[in-house]
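You will see two complexes here that share subunit A, one where it goes with subunit B and one where it goes with subunit C.
Right, the complex of A and B next:
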């Protein structure tokens, strides 16, 4: 069977991904997480007298903890399949990537497994973030005076 | 009102991510890396700071704010102690997130097992 014929047949059977529906779900889930973050910050500021800067840090820590725990308990992957970018793009995706790569390589030992693979997925985020921040920061510092 | 703005901003960033995922062959790793670079780029004009002012703390939730925090910490330190501050202050704001993710991830890895 040639490739074109194969494509023709499979395109009929494989369900088309509904891009509009995916977009709406990602928008709602992502928005909800941003909304949750804002609620945590406001509650901390108003009810616990935490300073704004500390409140945002605590909010990030809470979101990361929830995402790591859900990953370790094993149901975050199913949520990601459904919500897609809605959970990958917020900071929850960062925590999920880190925890899941540690869990996956746990059986290979502490150093060669967990240690070597902890940054397998999040490494590129940190690397490109640092390089970009360094380049843009240098340009701004040297040419626009910080 | 910042609740609604946080919702809309975070949702909008995720929507862009989903559109990229659906219409190109890029993986989630590509998208998050791209967004961090975009966040750093936006903050090099001070634009992301304005987003935070306008839309509230929800803007700190998407991964774009990671890039923003990196360059923000670097520049703050550089203004204080010269060009070396770009290196010294890089992680001053993001260390909370990175360390939290490492520590929680490690502790939870010790307790739980990977599924199948």
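Right, the complex of A and C next:
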């Protein structure tokens, strides 16, 4: 039997994922996280006399803290299984990926374990985030007058 | 490659498992179970070492013998450098061989052990095999707390360890023949779809075993594959018919499909996996039924995906291997 025929057999038997259902769940949960962020911003602006620009930064820090805490307490992974990309795509996913990597290696020492593996999953996000910032920053400076 | 044996018997077997297996279909049959993945140890890897030692202690006790009477210990697991087995062997303090064929290791050990027993100076060989869900996830996939959503086709690594003692003394269960499989690669690259990766190698090993021993599917009471999962099992039936014109009928069962109660434990998705998956079924339910006389001739086919995350990142497809061991009841 050749590989093409084998692929035909397996693709008939192996089930497809419910992409539409997963997409809807991710959309709703992701939207809910956005809504939560907006509430935090509004509360900070109205009740704590914080400027809008600072309020968004503080909101991000609060979401990162909540996500990391939930990861450390051991139940964020169960939520991810249910909510799927809805929790992974927002900033909560970034925090979760970093915290879970660190938790995974905590028994292997501060330097060789946590230090060396903290950015195991999120390293690419940081690297290409910085590269993209340089590229688009340069384009903006050269062609749109900074 | 099939080898026939006339003087190899299984003296005793033992199994230890964790909480998910305890809630599965054979939960009550395991010699010892643990309530969490740590099994009282500091790390998951150390827990796996403890499980191996517990399985070995249990099998020695059940067989009414001593570790000193074991001539060679053969160990296998999923981790790099066969770490848990190697570290467990340091505590067992007997001559040790570490082998690796991923989830096909259990049958590989019996093949190596049975061959060693042909030597006059060796009369007892102990084989142990283990896998741990958390250590495997850490090494092959993502950090354990990451909880990446799994597709329906994925399988759940079994946590537990199993041991057996092979001997030349006559017992009720004989290792009558073994088949060494050939590595097969059908171009599957999906690391979540182990059933599709392993089914062709299982089919090839079953076909070669039947051909070389001049037997047919009807001669066996049960053909038990290792960890194909529900979809892999279906693929094997279809592939076997199309490539080799053999109908496995209702003789085929897959350990991955029956080790867990898939209705009550939906998180296992397509079933179990790992080197301990097959022995946790074969050394409990199957051996019990053989002792009762319900099964007389059983073909165990351990299926292994020889997966490496490095090669997968380099876009190579996943090779797989399956070995077969035929067990017969003798009176």
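We take it that the second predicted complex is superposed on the first by the 130 of 146 C-alpha atoms of A that agree within 3 Å, B and C clash if a C-alpha of one lies under 4 Å from a C-alpha of the other, contacts with A are read in each partner's own complex, and residues count from 1 in each chain.
By our rule, contacts are C-beta pairs under 8 Å (C-beta built on N, C-alpha and C of every residue); 3 or more make two chains touch, one makes a residue touch a chain.
Because the structure is a prediction, the values reported are computed rather than measured.
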{"item": "First, second, both or neither for A:9, with subunit B first and subunit C second", "value": "second"}
{"item": "Contacts of A:35 with subunit B and subunit C, given as first, second, both or neither", "value": "first"}
{"item": "First, second, both or neither for A:126, with subunit B first and subunit C second", "value": "first"}
{"item": "First, second, both or neither for A:103, with subunit B first and subunit C second", "value": "both"}
{"item": "Touched partner set for A:76, first subunit B, second subunit C, both or neither", "value": "second"}
{"item": "Touched partner set for A:84, first subunit B, second subunit C, both or neither", "value": "both"}
{"item": "Which partner, subunit B or subunit C, touches more subunit A residues", "value": "B"}
{"item": "First, second, both or neither for A:19, with subunit B first and subunit C second", "value": "first"}
{"item": "Common ground on subunit A, meaning residues reached by subunit C in one complex and by subunit B in the other", "value": "17, 22, 71, 74, 77, 84, 97, 99, 103-104, 107, 121"}
{"item": "In the complex with subunit A, residue positions of subunit B that touch it", "value": "2-3, 6-15, 17-19, 21-23, 28-29, 31-33, 35-37, 39-41, 43-44, 56-63, 65-67, 70-71, 74-75, 78-79, 83, 86-87, 90, 96-98, 100-102, 104-106, 108-109, 111-115"}
{"item": "Touch list for subunit A against partner subunit C, complex", "value": "1, 3, 5-7, 9-10, 13-15, 17, 22, 71, 74, 76-81, 84, 96-97, 99-101, 103-104, 107, 120-121"}
{"item": "Touching residues on subunit C, where the partner in the complex is subunit A", "value": "42-43, 138, 142-153, 186-188, 193, 195-196, 200, 231, 234-235, 238-239, 242-243, 267"}
{"item": "Sites on subunit A touched by subunit B in the complex", "value": "17, 19, 22-23, 25-35, 37-39, 41-42, 55-57, 59-61, 63-65, 68-69, 71-74, 77, 84-86, 88-91, 93-95, 97-99, 102-104, 106-107, 114, 118, 121-122, 124-126, 128-130, 132-134, 136-141, 146"}
